[in-house]
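Shared between the two complexes below is subunit A, which has subunit B as its partner in the first and subunit C in the second.
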Partner chain A sequence: MEYAGGAQEQREHRRKQRFATKSMHMTQKYLRRMRDLGGTMEQMEPFFNVLERIYVQGLEVERPRNVRTVGTYCVQVPQELIYAAGAQPVKLCSGHYTAFSIGDDVVARDACPLVKAIAGFEHMGTLPLYENCSLMVVPITCDCKKRIAGLLQEKWPVHPLYVPANREDENIEHYVGELYQLMRMVSCVTGQEVTYESLAHALNLTGRAQYELSRFLRIKRATSNLLFGTHAMAVMNAASYLDAGTWADALRALNDELERRAYANKLVSRKDLPRIMLTGSPIVFPNLKIPLLVEEAGGMVVADETCMGERGMSDPVVPVDASFDGLMRSLAIRSLRPCPCPTFADNSQRIYRLRQMVRDYRVEGVIYHVLRGCLVYDYEYRLVEEELEGMGIPVIRLESDYTDQDVEQLRIRSEAFVETIKLKKGPLKAVRG
Partner chain B sequence: MNRKGLVTAIVCALMVLVAYFAWQLVFFEYETDTYTTTAELLFTIDHLTKLVPLLIIGLLTAVGIVACIVVRNAIMRHDGQHGPFSARIATAPKGCVHGRRPSAFMVVRWVCMVGFFVVTVFGGVLLGVRYSWISIPVLSCPANMSQLTEASCYYLAHLEELAGLPLMGIVAFVVSTLGFVIVFGRVLCGFVCPMGLAQDVMHKIRQATKVEGISMTERMYQALVPIRWVMLLLMIGLSFVGGNFCNFCPAIALTPVAAGLSVSLYASGFLMVFVLIASFFKRRFFCTICPLGYLMGLAHGVQPFRIRKDCTACTECGACYEACPMGIKQLYTEREKTDVTDVSCIMCGECVRCCPEDRALSLTFLGKDVFVSKRSRVVQGYRR
Partner chain C sequence: MSYESEYSEALQRIYAANADVMSLRYFLDTAATWHASFAWDPNDIPKTDHAYPLVVVLGFGIPEELVYACGVTPCILLGGSHASCQWSDDAVPRDSDPASRSILGYAQRLAARADIDPLFVVPVANDNMRKIAYCLKLEGHAVVSIDIPPVATDPFAQQAWERSTQTLVQAVAHHVGRRVTARRLRNANQLVRNARAAILAFERSCVECPGVLDNEARLLVTNTYYQTNDLVQWTAALNELATEVRTRYMTIGQPSTTAPCILVVGSPILFPQFKVLELINDAGLRMLATVDAASTSRFASLSEEESSGGVAALMSALSRKHYAFDSSSASVINWAMERYVEHLLSSMEVDGVVFHILKGQIEYDFALSRLEPLFDRLDIPVFRLETDYQYQDVEQLRIRLEAFAEMLGQRKFVADRAYARRYCA
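And now, the complex of A and B:
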């Protein structure tokens, strides 16, 4: 019996090793493809490096010793509160194919791949990013998130955050209460009280990241093709695993370089590539196949409205009242009101956000990304399609899973889409010329 | 009728009672009242002794505020959520969030408010002239005849006396009042009114001490609407049934006393204490029920100062609504109209200052931008 147990352990160990190697290769492949797009600058390296550090080298999040990490999912968890309690937030939404293939057997068949990938990491237990979390905060936004909260509970302390489905004044009041509870929970884990001073400090910290991000977006809007959209997405994804201050410093250097390049008119590609916007289900590293396919096919992803892109962080916290409760309110308000996530019952504001982005980035075509099983986004497709068609902007719906198997089909469709826009643009250019 | 309606009805009835018997609630009484002063008397010992009622009001306000905080902390200590923080609430904590850059508009607004305060307190005797034929519709109490101009509220509160004026007086009153209402409207509330300044100062004190305020929800604002109507009714109608709104109006306890006049205060004094306490916890509380401001707001359809919104640029982040002292919700919910000026809007510009989206909100005059929202204004201060 003893011997058999040992064999099983060994088998398990080998399986884990295989998993670790395979997932490392998968990440490496996507990092390589991103670099192969060309036009990377030295200032991009910190962002690539952190993605490599976490998923290829399998190291922990870089942080001072004895600072704990708190895992979060979704944009409705205010990172400020976690910093204020002396912990470091990491975003754990995953786009990993290898973990997905494990999770596929663990959770319900029709669950979305994002949740399956999380379950995969939970099941294998090889990634320090997940393993070392002291607490996981799961906002209950959709059914899959609710289930995953239950699953994660088996291994980590989990704090489910009840996100209201509406954003009326009463909902805000309620959410402020939720945030007080979250704050207490994080404080329990870190043993550090949240004080006015620490909360203000945290707001200033994330505020600086906010400031650099708004600069980044402004530069990107003013001059297009300064960097590939896929690279911009890498920048945003890297924020999940970096301290806000470090990320802000790196982004500041990148912004300075981009400004220099804009001044020198040094672009990464021809100026007249079809300008594409991504919207829809979350696109999380390393699942960057769609932007990669588009840009490899000669399109340019100029805008990204998904969670990791312009939705997640670009809305700043606006503290209006200087009291402690006022700061908490500003956090609650920022988490609920500007977020155009379809898990809210009334999400008509997403249409306006898209319209504004089409205007800001001079978008010529929109790719609506739907993860298989992500119902909330699928529901909204029709609405978005109608609206954009009214504006004369072509849209396609690309459904994908966390696997390489649908790549060929996606490639054909995205290439065709890019070509259509090129054709549409063709005569226009001739007229101008 | 639910409980909320009942409470509102009781409050309204109480207000009417207090207003009618206001002269019996003595706060500070003089043998004979004076309504003007001279330049020589300003800033003398005599002037200072006349400030005693203001001192009492200040003291009572301070005591009231501290009492409110103590009671609230006692209640909150047993609250599961906020309990652990209640001890910290009263003390001014260290640290501050420094994202927002100061804006020229706000500087101008404060300079205006303070400047007009001086003018409405003793501008007349200070400058040696007095334009008594000009009536401004703000609560700078006209019982104080040492100010530069007249204020409209006295005759609005005593319409039968207005009818008794010579024709030229009536014409001057109507023309100047209407003129100000149409050209400026509630801009006067944001820039000129001394009661507005007093309330904004209370708000600033709270911001500096970081004491928790009261954030009103839409339902609470709605509950105040009937109270505002009652206030308007009292102001216009009380003189016809033998009352005098001026014994009830808190504004008489501010500028006339500050000018060093001996004016007796009745219910007004108590009301002023209440107004100051209320506006400490809720910014510009009195303005949400002020009858004069409401009257000015009614003409907002034709006023040249407007709040404009670019509905596409707006992300519905709600920062404007949170910042607006008058709780104007359509600022952030509006999705079609480009004009979001509301009857309550006092043109304070807070919404524009806090809006993080470029050009989403703007304060305009005759279609020209005066103050426009910018992302950089909201986040620039974080830069290192």
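And now, the complex of A and C:
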């Protein structure tokens, strides 16, 4: 019996090793492809490095000693509260194909790949990012998140955060209560109470990151093609594993460089490339195949309306009442009111935001990304399509999974879409000429 | 298959198999009338100047007493029809589950009628309901979406749920122009409690008197609870049917009891989509009970002692009770369903479990993985039956289910022989 147990342990150990090696190779491949796109600059390295640190080197997030990490999932979890309680928030949404293939056997077949990847990491127990979390905050935003909260509870301390489906005043009021509850929970984990000062400090910290983000977006809007959209998305994804201050510093350096390049008119590609916007299901590192395919096909991802991208941090907290409760309320309002997440039963917000972004970024085509099984985004496709059709913007729905098997098919469709936009632009150019 | 032939063929089949049971006819008629009300040509929409208010509830998850208390009979849409899925095909994504598609199909049919003014009550139990509410709202219909807090242990959950039920009552009362009073609430609670008690008594009769009604007839009867216009009459008819089942069992005699007994757990099986029940019948399995989103709500009525006080106290008591017994897919962990399965397994002689999962309803897949250790511990084999409303997989399922039934039969035979040996030796 003892021998059998030992053999089983060895098998399990070998299995984990194989998993770690495969994960590392997969991440390296996507980092390489990102670098191969060209146009990278030295100031992007801190972002690439953190992605490499987490997924290739398999290290935990960089943080001061004795600071605990609290894992979060969707944008409805206010990071400020976690900072205020003395912990560091990390986003645990995953885009990892190797973890997905493990999770595929663990959870329901029709669950979305993002949740399968989470389940895969949970099952293997090899990634320090997950293993070292003192608490996981899972907002109940969709069926898959609802179920994964139940699954994760079996292994980790989990705080399921109820996100109301409506956002009337009474729902906001309720959410304030939920945030107080979350605050107590995180404080319990860290042993540090959230005070007015610590919350104000946390708001300043994330406010600085948001300021740099708004600067980044402003630069991108003003001058096209300063950097590839894939790189911009990697920058946004890196925010999940860096503390807000470090991320803001790195982004400030990048913004400064981008401004210099804008002044010198130093672009990463021709200016007349089709301007594409990505929207839909989250695009989480390392699953950057869609923006990569678009940009490899000669398009330019000028903007993204996804929760791991620009949407994730762009809405600022606006306190109207300087009391502690006022700050909590402003966090609740920021988390719900402007959020275009399809978890809300009425999501007209998203349509307004898309219209605005199409105008701001002078978008010529929209790619609507749907992760297989991500119903909430799939439901909204029809509405978005109708809206964009009214604006004369072509839209294509790309459904994908966390696998490389669909890459060639996606490539053909992306290329065809980019070509269509180019053709559409052709006669215009001729008239102008 | 057209909508009309889908439900009428199913009714004919059930009638033919249970023709001797006279009291069943009321339920066949109820189902036929309800389904016929959707069978009209959309190009031939009746024109009228006056539209009467109708409260349409989509899916499980809300206490229907609250709608009855506003003086209206709710039109409850639960799905179940493959043909109605096609009505909503353009509005839903490919991966949405057939029950939700069917619900939306029915809802759109109702919404297209000029002679009714519907208020759609949508309990947000899952993603489909969340987005169906949005779709209907965008089409310009009156919609009230009712949030169901997913974490029962959350100290604010009860409060949030009570607020949701208040929203529901306010919206319905406003729509029908009739306010809710304590007396109306008490009467509605009594009405629904009597109906639920009748269902439980009927279920007991069917278990204790096997062979009188087949599985399909039994489920059709309980399904019509959601389709009747007159719950008082329906309750009386059900009590009569339960009595007839017992009487016939006494007079006809006991049929063979060697058939393996199963529990059917998971996605609700709804008329006319009784493919799973047909297969269970064909495999020679005896269904003891079903556990789905409707099962536990049968225990959620207030007793006579509990139904005292004013409107606020009654509303609060009702919503608390309903929330405690809610087994819709709204919760992170479906405790109510798990506890009920555990209770049935300990109180009945169950040989196996058929876990029915409608494609796209992932909540039941997760529930199965949570229940598997329990089944393992009790040494009860489980058969995971995943299907949709199409008939393409029926032969494959039949083979699998027959094999499962044979295995159960063999296990039962071996267990019986071992038992006999112990006492004959």
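Keep this in mind: the second predicted complex is superposed on the first by the 433 of 433 C-alpha atoms of A that agree within 3 Å, B and C clash if a C-alpha of one lies under 4 Å from a C-alpha of the other, contacts with A are read in each partner's own complex, and residues count from 1 in each chain.
Heads up, the rule we're going with is that a residue touches a chain if its C-beta (ideal position, glycine included) is under 8 Å from a C-beta of that chain, and two chains touch if they have at least 3 such contacts.
Remember, it's a predicted structure, so these values are computed and weren't measured experimentally.
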item	value
Side-by-side fit of subunit B and subunit C on subunit A, or clash	fit
Touched partner set for A:Ser330, first subunit B, second subunit C, both or neither	first
Partner chain(s) touched by A:Gln405 [first = subunit B, second = subunit C, both, neither]	neither
Subunit B versus subunit C as contact partner of A:Val107, first or second or both or neither	second
Touching partner for A:Val320 - first (subunit B), second (subunit C), both, neither	first
Partner chain in contact with A:Gly177 - subunit B first, subunit C second, else both or neither	both
Subunit B versus subunit C as contact partner of A:Glu197, first or second or both or neither	first
First (subunit B), second (subunit C), both or neither touched by A:Asn265	neither
CA minimum distance (subunit B, subunit C), superposed complexes, angstrom	9
Touching both subunit B and subunit C, residues of subunit A	170, 177, 181
Residue ranges of subunit A touching subunit C (in the complex, touch as defined)	107-111, 140, 142-144, 146-147, 149-151, 153, 160, 162, 164-166, 170-171, 174, 177-178, 181, 342-343, 345-347, 370, 372-373, 375-376, 378-383
Residue ranges of subunit C in contact with subunit A within the complex	90-96, 122, 124, 126-128, 130-131, 133-135, 137-138, 145, 147, 149-151, 154-157, 159-160, 163, 329, 331-333, 359-360, 362-363, 365-366, 369-370
Subunit A-touching residues of subunit B, taken from the complex the two chains share	81-82, 84-85, 88-89, 93-99, 206-208, 210-213, 215, 217-219, 311-319, 322-323, 332, 335, 354, 356, 375-376, 378-384
Contacting residues of subunit A [partner subunit B, same complex]	167-170, 172-173, 177, 180-181, 184, 195-201, 203-204, 207-208, 210-211, 214, 218, 315-327, 329-330, 333-334, 337-338, 340, 348-349, 352-353, 355-356, 359
